[in-house]
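Got some structures for you, see below.
The following pair of complexes shares a single chain, chain A, combined with chain B in the former and chain C in the latter.
This part shows the complex of A and B:
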């Protein structure tokens, strides 16, 4: 608390502090708003996106064009973990219907722990996250209508939901570090891939960029399509496939700073 | 230790803490730690002063406070034994050097926090909040004295560490973490919730009101805020004091003017 007003000169310091205090107040309000949004919401018709932008021509026209390609949207909490949460929810939801792809994924998830430990991640805690991750996969994997309810329930329980996010962050970090020579080119500044992972991938609440998505889709061998919706020119939210040329298994909507799930 | 009845053992955080309790159950020559009998989210720990430093031979005891979001958010450490490096009874938190407490990794653990504390003891305090820069002699004196220091709930701490269980070797990953870690006393940012008292204004309370309808504050959140506020208390009261004096002075001046008007016709 460097700016803490001292007992002697409260008046002067109170003024200096005002900006900082307002900023903190703003951050706190943002946090409260964020926490009032479900970790993963219900499926909504895409028209609900249009209704958000009745006053905003650029976004409205893009929302309308999006409505021709997608039928539903599922919102996630904007807490910096939204890419990982949206991705894992959408992917697991898809796997409920595709038995053999589910089995392949389960196999990969099972083996992922040893891979992470061999990369130097602490076994004790990685095992803890891995156990919960497998528990979630197995509870959802039955492939029945109850699986969907279970998935939705687990992803809205902070404990389970965050554990899945942590574990996916570890998998993404592992992927980046295993192929550090390749990924080094994508990292700005003079950080090494390992430093980047420690600062931008592994910690919770850190927002995801292209490189996170590339790493995630590469690690799981899953195509991801992201629709970018911003103030840029055109009447369509630009599509970007990760990796290029692979049919997407997961569709996401990106609006500056945030990812939600889309359904064709 | 039986938390089974008290906590939801299916909750990942509870499972994780019970695992850690199991792991740290057996004391080594370097450290030991255990949750309190009635609270899995508060632990007491004991560490040996690192060899070849001012703290060699000393034994230091303290509390570990785990946030409800643990392990998504870092634990806080409070030292109880006078040591000459950290103020006692003051919350210190773990972060990567610089000022990014958010770079705590969920894959770190209470063991990581203790290793960081041990590694951080011999580093210069540089006048940061919560740090002390006592001389070597004073620290050595405190190290000797620490052997007879007692904790109200754990007893004589010098007996808590094991003399013959070798320490668990530090892994490469842990070494990397220790190279970059920093311990700091809490900064303003972590005090956020409590600042509201001093700057609450209309728009904010309106916003809050609207939010409150949909989102009742949880018990844990309130608890976390309570731990945080001793400094803030003095801060807002110093503000209050200033305003009370100002108002009193103005009132006094007005009364004086009125009286003068009334009596000095």
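This part shows the complex of A and C:
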């Protein structure tokens, strides 16, 4: 008995150090990523995608086919928020040119706070994010060439960009909870919709899946087309429309774990 | 006076609201927090009709400049650390909203409510099974622990 603790100790210590090491490495990688990739990058010709895959036949052929349908790609930082960031950037960019759709969206955005509060979100924190969200919308709403520059600038300032991401996460969560009976069917395991929202939708950096996209698109009434580029069969990145049959206002490229913006 | 950062602005707002309308059994030390917005002490009473009735606890909240994007660092401090299956004797708390499930839409108030509810639903006062090992080896900052969350029903 006397020996037991001292025998166990080295093994236990290794375990803890491993934990610590993994976390340190994770933080280092995250830092490297954030320093090297802009939150939202410049528009690049689609050929830049092909150049990434010169050594990889499957992806190269898909990148080439994609090049026949799309002209540009805009990359976003792979930090788990990329769907929400890419979606909101692409949608606001589109609205710069379409005045009446912009007004409709602004109206909806304005009312969204009360909707969230009535669903039980704390007014106090929601208000904070809503204010900044509206500020961003109004700053890019002028519909001029300067709006594009402003949009790009705001989305690359963490203080604005992350506030927009948080608010969209709340809107998506609100949508899921409002129609929980419907969305429950899409949730694997025995989590309730509310639990799922608390764990996978509302926290920052949690990656987005179909259900996030469906909720986002439904909440704003915006069609989204996602091109899925993976190791699957074929030479084309499969297109998926959310919801089906609605002409897409936003085009995204999905590669495992990450979303970027596409331009037809 | 220098302009407040977004994180300070948010903390200031939270502090005012918590002082004005504290949840039952929760009391923030406003003078102390007002002096240093990045570190608060919150007094908590065990709720009536629960195993902790009549007990008083102290929670320490530390906030980084990235709050509310980063979760606050929350620990029990002082002479009375609640004996609970998710609370280590060094004051660390195993609660998913403090790390993995933190969202910027949560707040000091919602963390306090979760802790009150965690204590209130306890059926047997005991320490976590790995308490002595954990307390000997853990980092001072509980956010650096890779938690494995037990079920929330305890």
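Following the convention adopted for this analysis, the second predicted complex is superposed on the first by the 235 of 264 C-alpha atoms of A that agree within 3 Å, B and C clash if a C-alpha of one lies under 4 Å from a C-alpha of the other, contacts with A are read in each partner's own complex, and residues count from 1 in each chain.
Criterion: contacts are C-beta pairs under 8 Å (C-beta built on N, C-alpha and C of every residue); 3 or more make two chains touch, one makes a residue touch a chain.
Owing to the predicted nature of the structure, the values given are computational and were not obtained by experimental measurement.
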item: Per-residue touch tally on chain A - higher for chain B or for chain C; value: B
item: Touching partner for A:179 - first (chain B), second (chain C), both, neither; value: neither
item: Partner chain(s) touched by A:44 [first = chain B, second = chain C, both, neither]; value: neither
item: Which of chain B and chain C A:241 touches, first, second, both or neither; value: neither
item: Which of chain B and chain C A:207 touches, first, second, both or neither; value: neither
item: Touching partner for A:101 - first (chain B), second (chain C), both, neither; value: neither
item: Chain B versus chain C as contact partner of A:120, first or second or both or neither; value: first
item: Which of chain B and chain C A:21 touches, first, second, both or neither; value: first
item: Footprint overlap on chain A, where chain B in one structure and chain C in the other make contact; value: 20, 22, 121-122, 124-126, 128-129, 159, 162, 166, 170, 198-199, 202-204
item: Chain C residues within the chain A interface of the complex; value: 6, 10, 13-14, 17, 68-69, 96-97, 100-107, 109-110, 133, 137-139, 144-146
item: Chain C contact footprint on chain A (complex, rising order); value: 12-13, 16, 19-20, 22-23, 121-122, 124-126, 128-129, 159, 162, 166, 169-170, 198-199, 202-204
item: Complex contacts: residues of chain B adjacent to chain A; value: 11-13, 15-16, 19, 23, 69, 71-73, 96, 100, 102-109, 111-112, 129, 171-174, 176, 180, 186-189, 191-193, 195-196, 198-199, 204, 207-208, 211, 214-215, 231, 234-235, 238-239, 241-242
item: In the complex, chain A residues that touch chain B; value: 1-7, 10-11, 14, 18, 20-22, 24-25, 27-29, 32-33, 35-36, 120-122, 124-126, 128-129, 132, 158-160, 162-163, 166, 170, 194, 198-199, 202-206
